[in-house]
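One chain, chain A, appears in both complexes that follow, with chain B as partner in the first and chain C in the second.
Let's look at the complex of A and B:
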């Protein structure tokens, strides 16, 4: 079977949908965070495959940048979650409602 | 520079004084008084200089003040016999009153404020006198209203004074509404506000059918300011102010402004309007004289007397004799200011006792005050050859020529005038002392002073003595003016302006006998009225212990003492109706505007806000879900169709 652009894009879309499902349904902040990363990487996958099938390296370069920024972002996000956990002893979104009216 | 330019100084010096006093010298009594007195005395001297070097001829100085489209308003000075004479009265009599105030107000904590207000008033009054157009006159007219409000309510901590100030101000507003409507009618029809232009433009013909209405509306302003029936109620209450104020505003100048204005714009009145004016004046004169007969407060008697004399003046104007009205205004300014200042002198000597039935025997204790007061009384009563005789005679002669009914009314008022003035003199100055034993039960007084008990003690054991020189000298000067005012050519001056064709007496002797040659009936009736009044007063009040009139006249006397119930009638009608309108307006404001209009907007916003608040769950995942839903919808729109 010849694997084409469509296959990659379908995988990417599936990954994105799974990530979104995780973000909406899961309650644990860490899992939520992982789901977010999944969505990010599905977008990366789509970019790389476009780049590969259109013979244009711009997409791959872009992905490198995204991965770099995502790494930094993960560091900040995890640090925030850890700090929050230390303060509240919880990492569940239902418990974090102090900004609600 | 021509000598007329000095009149700018005359006008603005008092304003300057008022400004400096208010801003810088409120703490320093002597400087404040000097500034204020200096401003008006300088004004008097400058006016004399203008007349000496410039003569009485009519001339005008003006600068363009504002011009909008076809409306051109000057800020100008109109100088002629009328305004120059009035200028002399305001600055001359005003000077005497200012100097007197220095003695009268000496112990008052608001001394500097008093002089600032006096100077402001002088400025406004001079503005009316000098105005060369309707708009300028109206502005100063209102300024006079404001400054008189400030002065009447000078002792504003006394509720009665505060009320009187409000009453004067609001009553004047009523008249001023008519005044400005009249000005608008004239401007619409004639396109100019300048007196000289209006006078030369045959304004009655140009106004056509509106002429009578316009004239009467302008007259409304005079009704308010000169306290004519039916807006006369404010003047007696205005006596709550300090006595120099009563003398300055409510005898010599402000109330005369109405009459002055009538003479200034005499050319716009149609015969019909003049008939109404003369009858209003006559009715005022009669009513006020009747009321004065049964008043017991020395200042109120003088207040009603002022009303009555103003009625005379207005009647004179209405009888197409503005020169007689102005003549009476001039002499009246002299002797009424004198009477008020004399009353003030009595009031200080008696520690603010104003009831004549608690006075008595003051002739020996206060000889100067008594004799000057006597001169004022005789002048007011119209005794030949004092000033009042000549001016009153001029009006009576005009009435005799034009309207017999008003002539009889005028003679009756003259008799009443003599009667109530001599009642005052007999009771307050002659006879024996009544106080020293009389209980003090004056509620107005009680409200006024904090240390009332001390003052009461002082009053009960008072020993009246003559007032100091600063009080007496103005009395003497005004007394001289009251004596000679009738024969120094004022009549010829005004006559020459309003009726240049008629013959006017010149020379002292000619003036002394002129009334008897010109209109012997009027002159003799005036003297007969004096004799009747004097006889009745002597019969009733010489050595009277209490007032015999209430027993003789019964209900009529009660009506007089209660001012013919005008205040009560107004209370029951005008004020009641006004309260009802106010209540309706309040209801509309409260329920329709605030309740419905504002309530709808406010309630609508509130409800929408509440509904939208439900969307803000604060749950991150709900937001994410809604966000995705939104994206899906957008995608469906973009791609799906």
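Let's look at the complex of A and C:
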């Protein structure tokens, strides 16, 4: 079977949907972060395959930057979890309810 | 692609100056001022930060540049320079209103993060390449997440930052996926080249997905409904100066890049006077494209923002919902997508940012003494702190859009630009009418704040609020700026129109 652009795109769309589903349904902050990463990486997959089929390297270069940014994002996110945990002893989204109308 | 690094450094000198200032504030605070009293530390390092911002502004005023480095990675023209100067001005005021605060001992880090967020915004304004847009968006957002969490003694601060982070991360993923589809469709990362590649393709289904995802990502940044859920919590829980910066600087930069991406990247070929990809949101002549999508978001933002603001009892939350409503008005400017509309949008965003920083400055003053930001804490403020109350009156009336304040002219200009775009049959009139009706609603809650300040009785046993001189001077300066820009809008509008012409938008 010949693997074409559309196959890569379908996989990447599936990964994105899976990540989004995780962000919406999961309740643990760490799992939420993993799902966020999955969403970013699905975009990476799309970029790499587009880069291959468009015959230029711009997409591949972008992926390098995005991987770095994603790492920075997780670092900030984990720091926020630690800050929350120190005050609240929890890492679950149901407990983020101290501010409401 | 040959680049002289010296040339590039010269072009990016303002950003470089701000980065160096951020590092300087960090080092000075860690080495020399560590043992001083917190107030002095804030003043010394704050002055360093302000000096850096002023130096960068002066550099841009003295050395006007017009260049496009690395195929749109870094574009410097008169328009981006005006917006950058405005951003640095907002940063300056944010630093000044935070000097009185006591929420953190990590003063060097706090100021450095504000400056780094400002650098992110400046790069964002200059970007015409999807890679640079994404990276500078992330630099800004990551700094702002940490700024929102900066009050480590307060549970709400961490919670606000986490909500901001989760929504922000999701929005970033959506933007990125949209941008990657855009790259796939056009084979280019530069906005101009993308537009050229999309010119004759019309509305591809994949393009529609990309468009909606990008609108969603930017909609989050500007806090428009239905991507607004983070805003009230983030504004309420974050330390007040951080919230002021999130509400002002980040909004100006995001609106500017939103308009730029839509105008440069998503126009498409023209048929019957309507751009194919932009479409049209004119009454009874809808053409599918991105403008109808943005129109829906704008309508929802204006309705929800104004109506929910009415029932708020926390002033910071009230400002947050009003910010959502203002995002709705500004989206009308994005939709109009003409040179005139960009001028009006930048004018609106800058004056709105200035006013909001002022309003948050007053909230910070009250909060420092009464420990919360409930409407009741403002009762009788006019007798306890007359100068601050007068400033708050100016800010609230400007946000409500009363002439001769800046808020009035901003609305007027955006609406006029929208009507001109829809001419000759005034297609966008329905949106303008809705916006004006909703601004009438907004009077109610702005006046509610003023009623507490001027009419309500002082709580028993309340004494005069002692506001530091510096704080009063800063708030007074912002208030004078709001009045001045409202009475003589041409000060800013003239510059904007000239620079838009020069930039060729």
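Assume the second predicted complex is superposed on the first by the 101 of 101 C-alpha atoms of A that agree within 3 Å, B and C clash if a C-alpha of one lies under 4 Å from a C-alpha of the other, contacts with A are read in each partner's own complex, and residues count from 1 in each chain.
The rule we apply is simple: a residue touches a chain if its C-beta (ideal position, glycine included) is under 8 Å from a C-beta of that chain, and two chains touch if they have at least 3 such contacts.
Keep in mind it's a predicted model, so treat the numbers as computed, not measured.
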| said: So in the superposed three-chain picture, is A:39 touching just chain B, just chain C, both, or none of them (first/second/both/neither)? | reply: second
| Most chain A residues touched (candidates chain B, chain C) | C
| said: Under the stated touch criterion, which partner chain does A:72 make contact with: chain B (first), chain C (second), both, or neither? | reply: second
| field | Which of chain B and chain C A:23 touches, first, second, both or neither | value | both
| query | What part of chain A is shared between its chain B contacts and its chain C contacts? | reply | 20, 23, 93, 96, 99, 101
| said: Touching residues of chain B toward chain A in the complex: what are they? | reply: 613, 616-621, 624-625, 628
| task | Would you mind writing out the residues of chain A in touch with chain B in their complex? | result | 20, 23-25, 93, 96-97, 99-101
| Interface residues, chain C side, partner chain A - complex | 130-131, 134-135, 138, 142, 145-146, 149, 152, 155-156, 158-163, 165-166, 169-170, 172-174, 176-177, 179-181, 183-184, 187-189, 232-233, 236-237, 308, 311-312, 317
| query | Touching chain C in the complex: which residues of chain A? | reply | 5, 9, 16, 19-20, 23, 29, 32-33, 36, 39-40, 42-44, 46-47, 49-50, 53-56, 58-59, 61-62, 65-66, 69, 72-73, 76-77, 79-81, 83-84, 86-88, 93, 96, 98-99, 101
